[in-house]
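These notes open a run of structures that come right after.
Here chain A shows up in two complexes: once beside chain B, once beside chain C.
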Partner chain A sequence: MKNTLRQVFHSPKFVGGFVIFLAILLTMFIYPLFNPGNPLQQIGVGTFAKPGTYVSLYDATKAKTETFRLPEAAENRLAASLTDEDRVAMIEYFNAMEIDISDLDMDDTDALLQMWEENYDPSVRPKGMTGARVNYFKRLNNSLQDLKSGDTLIIAEEGEDGELVESKKITTTDYVNTNAVANVKTLPLGTDNFGRDVLKELVSATGTSIMIGLLAGTVATIIGLSFGLLAGYLGGFVDDFIMFITNIFTVIPGFVLLILISYSIGQEQRGAAVVATVIGLTGWTWTARSVRSQVISLRNRDHVNLSKLSGHSLLRIILTDILPYIASYVVMAFILQVSSGILAEAQLSLLGLGPRTTEVPTLGLMMNWAMLYSAHTNGSWWAYFPVILVITLISFSLNLMNTGLDQVFNPTLRD
Partner chain B sequence: MKKLIALALAVVMVLGLSATAFADGDVVLPREETLYFCGQQWGAVNSWNPIGTNQNNSMAIAAGAGWRELMFETLYMWNVLDGKLYGLLANDDYAWNDDMTQLTFTIKDAAKWSDGSDVTAADVIRTFDVGVEIGNGTGSGYGPYIESIEGEGKTVKINAKLNDAGQPINPLMILNFLELVAIAQADWIDTVYEANGGDATAILNDDGLNDAGELEVPYTGPYTMYFSDDQKVVLVRDDNYWGQDASMWGKLPVPKYIAHAMYADNAAGEVALKAGEVDVSQQFIGNVQNLWLEDGLPISTYYEEAPYGVCLTMPTAWYNMNIPVIAENPALRKAIAMAVDYDSIIANAMTNQSPSFADVPRSLMNPTEGEQALYDHDAVADLQWAGNDIDGANALLDEAGLVDTDGDGIREYNGENISLNAVCPNGWTDWQASMEQVAAAGKEIGVEITTLYPEADMYNTVFTDPDQTEYAIFMWSPDASSPSNPWSRVNQFMGMDYLGVTNNWSGNWGQYENAEADALIKQIPLTTDEAELRDLYTQLTEIYLTEVPSFSLMYRPSVFHAVNESVWTNFPYEGQTYTMGDGTEVLVPPADCTDGFGVAALYNLELVG
Partner chain C sequence: MKGYRKYFGKKIFWFVLTFVAAVILNFILPRLMPADPVASITGKLAGGNADAQAVARIYEHYQEEFGTNLPMYQQFLRFCKNAIHGNFGLSFSQYPRSVSDIIGSAIGWTIALQLPAIIVGWLLGNILGALAAYIRKGFDKVLMPVSLFLSNVPAFGMAVVLLVIFGVYLKVAPISGGYAFDMIPHLSWDFIKSVISHYQLPFWSIVLVSIGGQAVGMRSMSIYELNADYVKYSRFLGIKDRKIVGYVFRNAMLPQVTGLALSIGTMIGGALVAEIIFSYPGLGSTMYAAVTAADYPLISATTLIITIMVLIVTFLLDIIYGFIDPRVKAAQVE
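Presenting the complex of A and B:
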């Protein structure tokens, strides 16, 4: 046993896969310690907040300020309100309004703004200008109004008699240390369509999906193994009968069967465990077939015949004389079953046939909701891409482990 | 020799491929003459029969914010913005007699069928009569309110059905008839009637086409069938359209073709809109403002700012009164409704394309000014709730004796855990998100609510069954805007007409019974005094907010309207008007450029540049 493990851990492929998988598992256990709480809690009101650090504006105005005179500050501020594109658009507007701009220098911000101030009229809809463009100019005008609002912002609070009382002045040189702000929230992967923290949900969903994979893999392997062992060892009518059933299941595409069963169970009954069991129940056929063929090659070995002659029971022969010889193979098959179980959950959920929502997050459900809310068309990559990446990594690591094991146990592949 | 054979084979293949490409029948439309739509038609059109029922023809035979006036026209056009009827086939002269038992109007002299014959009173009469006889939407919808239609030449008189007291049952529904029933030609109805041997089912299923697939139905509208398959449907302008007469529009609508491709889903339609392949989108687009703010696309909506569209209805969660725990506990109904976080629903499901319940407090009315003025806001202010009131909901349940005695976190009623489901069709994402919020609210107040999303076909069968007990809380939208609203909507919320009606698409889907409310509802259509009307609506709002037979989750437009101005411009925008023949300016509603008076948009369109 020790020798086998030593061999296994000398396979670079297995070690690679194992490290990735272990890293995922560790993240699953460690991350919630730093960021505890319900992963399905809706922290954001609204959909798809971008990844980044969010600073409470309310608290920031209360925090202690430092004064910095940064040389590029004014320029940055101007660039945020007035891009080069906006400058070109302003010229377009002047042209549309048939205003003489022959001596206007586009890069002279003050002259441009003054010209705008004199000529922009929100009530006029220039002939031939589209509604979208008209709206654009209104927005541009609003952002330019902010620009010329001066260097001081006044924060006022409502007094007892409803009058506004000035409580603070903010100037362009005031800065706040983010550590001094009471509420700062970092969302490395933003929020999803329900306003949930995607990273927190992803970590929790990975756990659920791995559990689904393990359960599905266990169910599939147990069924496949039992059928394979019985068919292979007993032969004759039992073999024919089991292979008949196995062949029927092989001929019907597993995924179609999966869809039909999931659909007929109905959403109310579809918890994560039920979905996992259903996946397991439809995925056992090839384990049964390959275990059977291995057992057939084993059943006439001398030690098996010896056991038979000694009058050992069927169960004992199978468990002690046959199973150990195919154990390595079964472990490899199990790993692949886990991997395909995770993928099957993702596929099912994507079709809206996964576990019912609001109880536990799974990788498939995350993708399903991201797709339903068109995250892929509105550019909210953080809602689905990390999920795909995690599924790929889990699947990749499990397959890598499997290949590694294969190289160790399969004599024909040994270096 | 081998090479020759290979070459020959290749040639045959290429020819074969190109032949199939041509045989595809792909119509090529000039982009600068075609207005493309999305969000209306999802499958091949199966019928062009305006008096049939078996149809899915969303571009020609359907209603949204008023009747879709492209091909089959109504007598009047409804304008959702000013709540007025504008004459289309008929003149602007409809008038009631003194006791509102008879409505008289005349048909425009210029109004003509596509075959050149005049539109006359006979067509209106025959359209109604055949509807009653074969039981189509017109018959079942208006038969209960209209006794008969009579008239000669261009003059039409509609006689109201009377109740025992000799009063008209509902004059409001007769106004609905004017704007929602497309008139079919009497002669054509006779032809179809004879061809089908008077068999009602056969007439309802007649597709209006001859054996060669050509259109047989005469129409009055500015467009007619041009091409239709499972990929797209195209209407072409009829340049002989009667409406270019000075008594109507005085000109033809601008686009020569109206085209609608069948998209697989909303996402596909949205991609096409972004790419400029679609000009007018009647689809919900989440965070629509990002299309111009972030993507910089030439896309706009009716209003520049949220809610972007004109909200006319409120998708509502209905309580199923067949389930005892719901029917016997008004406190439970109110508590769930109070606990739901509507701000999240509006921010999430509607991406803020709806006013909040703090802005427009809940009642029986849609957010338009006209309807909001119809009830006394102060009188019901104590009864209204803006949502997310967990403490209030818990207190209400405790007070009603619905408590958790076995400590499993779920309250019990008659010794059993209160366990409900919240249901809407699968794939209707904004509704699904709303149901998730209802389930989340249940968790907060110790009521087990699980979500359930059956396929739409299944959902439709179950929720229209008046005896169903499968769905406890389920979603549907009441009426949006028509001359009979808000009465129709109030009737849908609490009217007893719909109790026990099988295949109930009409209203009161939760089967709520309240005789007092029903009596008040019955008085409204006959009430003309404004103060009295306001009093009735206020009383009804009080009952509704106390009894909570259902609760609205958001406000919503009846049709969405987002336009891409890559090719066409001058679509309806806030304040845009259409100049009528007599010089009056009428606001053009954002009604997908097709519905009711919204069709005026087609006459305002211009090409970009």
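Presenting the complex of A and C:
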């Protein structure tokens, strides 16, 4: 046993997969310690807030300020407030004025502004331009001038007699230490369509999905193993009957059965555990097949025959003379079942047949929500890409572990 | 020839048996539902109608329509009789279209998308896997981890990633539907062009996912065969490398055909979900719409059609397998 384990942990593939899987598991346990609370809590009111650190504007104006004169500050401010729309409009103006802009890069804020400075003339009305458009350019020019001159913002509070009383002036050189602001929230993966913290939700969903995979894998392996052992060892009628059922369930796609059963159960009854069990119930066939063929090759070995002659019971023969020989095989089958269970849950949820949505998030449900609110077309990559990545990484690590084990136990496959 | 007849006879027998089991399951499972589907449909159709008598009339009408007032075995006979005539009743969500009409318009899209995609993915994957096993070194070192990683990307994930990169950012392909939304299906150059441009992304997302899995399988089979005694013996005899590779490829290929037969159900499941991402007008999207609208006759018919499609493909693969591997036929004769 010890020797086998040492061998297994010498396989680079197994270790690679194991490390990835362990890292995912550890994140799952450790992250909630730093960020406790209900993962389904809606913290944001809008949908799909971008990833980043959010500083409370109110608290920031109250915090103690320092004055810094940073050379690039004005430029950054201009670049950030000059939207793509404004840039396109400026190009449009240059074109209307028939100015040569062939070597102008739209993203080069400095060059663009310099060009604007040189060429903008409020008194000239370009040919064919509507009055509204001319006014738009005037406003654009004004806001650009404001930004450059760096005027002062005044914070005012309502005084006792209802008048606004100036309470603070904020200049462009005022800075606040983020540690001094009372409320700062970092959302590494932003929020989803319901305004939930995606990272927190993702960690919790990963946990649930792995649990679903483990439960589905356990159910499938137990059924497959029992059927395979009985069919392989007993042979005859039992074998024929079990193989009859197995063959039928092999050809009817498990996915179709999953859809039918999940639909029949109904949304209210579909908890995560129920979904996992159903996935297990539809996925056992190939475990049964492969266990059976392994057992058939073991059935007539000398030590099994000896056991039989000694009058040992069926259960004892199976447990002590057959199971140990196929244990490595069963472990590998279990790993694959876990991985396909996680995938099956995700696919079911995408179809709208996943676990009910009110209790726990799962990877499939997160994907389903992101698709329903078209995160993929509105550029909110943080709502779906991490989910795909996590599903891929889990299944990649499990398959890598499986390949590693395969190479340890089947020397013919070694490279 | 006698061997083949016995082999095919046995296969056909299994095919029919599985078909019957599939039909029975398809009939029974939705009927095990604890809630009364007719009641829920009545509730939906009646809407705000509070007139109890009218609701009862609607209920009775649908009971009649579905035959849920008949004993189970009569319902089953009726179900079979109607199914043979291609009659699956009316759809609830797309009333008054019939279920067979909806499925008829979706099935062509699904077959045209998935069959070529799975075949191309399988071929490319096998070629890459065999090359990796034969060349080894750098090619293998890069290709294998990439393939293993790719094969673990879920089909819907690949679909979303391709859609976002090529459809949303690069804008080289349309992101949804089977053809431009302002067109009516007809035979013209414009329509065919539109169909082809909509075809690319779903096609490649299925191909990319299946390449990975096939390449990994083919590589280990080929390595196994390359180490076999007959290869060493052939080398010893001085047979040309190219000829040996031909033998190796053929022998490694056989388990891959079985593998395809066994995994076709899973692959189609994944590909159907990928269809949803692209709103491709095939069976996957139909199923999604049916589930969302709780359209019970449509779900039941879609699953039955998918099962039958998988059955037919598996059956064909079994037949092909019998032809290319004489040992299978020989095993049946004994």
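Methods note: the second predicted complex is superposed on the first by the 341 of 415 C-alpha atoms of A that agree within 3 Å, B and C clash if a C-alpha of one lies under 4 Å from a C-alpha of the other, contacts with A are read in each partner's own complex, and residues count from 1 in each chain.
Operating definition for what follows: contacts are C-beta pairs under 8 Å (C-beta built on N, C-alpha and C of every residue); 3 or more make two chains touch, one makes a residue touch a chain.
In this text the structure is predicted, and so the values were computed from the model without any measurement.
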Could you tell me if A:Gly379 is touching chain B, chain C, both of them or neither one (first, second, both, neither)? both
Does chain B (first) or chain C (second) touch A:Gly352, or do both, or does neither? both
Partner, of chain C and chain B, that touches more residues belonging to chain A: C
Chain B versus chain C as contact partner of A:Ile222, first or second or both or neither: neither
Is A:Leu25 touching the first partner chain B, the second partner chain C, both, or neither of them? neither
Contacts for A:Leu323 in the overlay, against chain B (first) and chain C (second): which applies, first, second, both or neither? neither
Go through the superposed model and pick first if A:Phe48 touches only chain B, second if only chain C, both, or neither. first
Let me test your reading of the model: by the given contact rule, A:Phe194 touches which partner, first (chain B), second (chain C), both or neither? first
Once the shared chain is lined up, is A:Thr130 touching chain B (first), chain C (second), both, or neither of them? first
Given the touch rule stated above, what does A:Val15 touch, chain B (first), chain C (second), both, or neither? neither
In the superposed view, which residues of chain A touch chain B and also chain C? 266, 352, 371, 376-377, 379
Chain C residues touching chain A in their complex are 14, 17-18, 21-22, 25-26, 29-30, 32-35, 148-149, 151-154, 156-157, 160-161, 163-164, 168, 175, 216, 220, 223-224, 227, 262, 265-266, 268-270, 272-273, 276-277, 287-288, 291-292, 299-300, 303, 306-307, 310-311, 314
So, in the complex, the side of chain A touching chain B is made of residues 42, 45-48, 128-136, 138-139, 193-195, 266-268, 352, 356-358, 371-374, 376-379
Under the definition above, what is the set of chain A residues touching chain C in their complex? 244, 247-248, 250-257, 259-261, 263-266, 269, 286, 339-340, 343, 346-347, 350-353, 367, 371, 376-377, 379, 381, 384-385, 388, 391-392, 395-396, 399-400, 403, 412-413, 415
What residues of chain B sit close enough to touch chain A in their complex? 266-267, 270-271, 274, 286-287, 290, 292-295, 297-300, 304, 343-344, 347-348, 351-352, 421, 426-427, 429, 432-433, 436, 439-440, 450-454, 563, 565, 569-571, 573, 606, 608-609
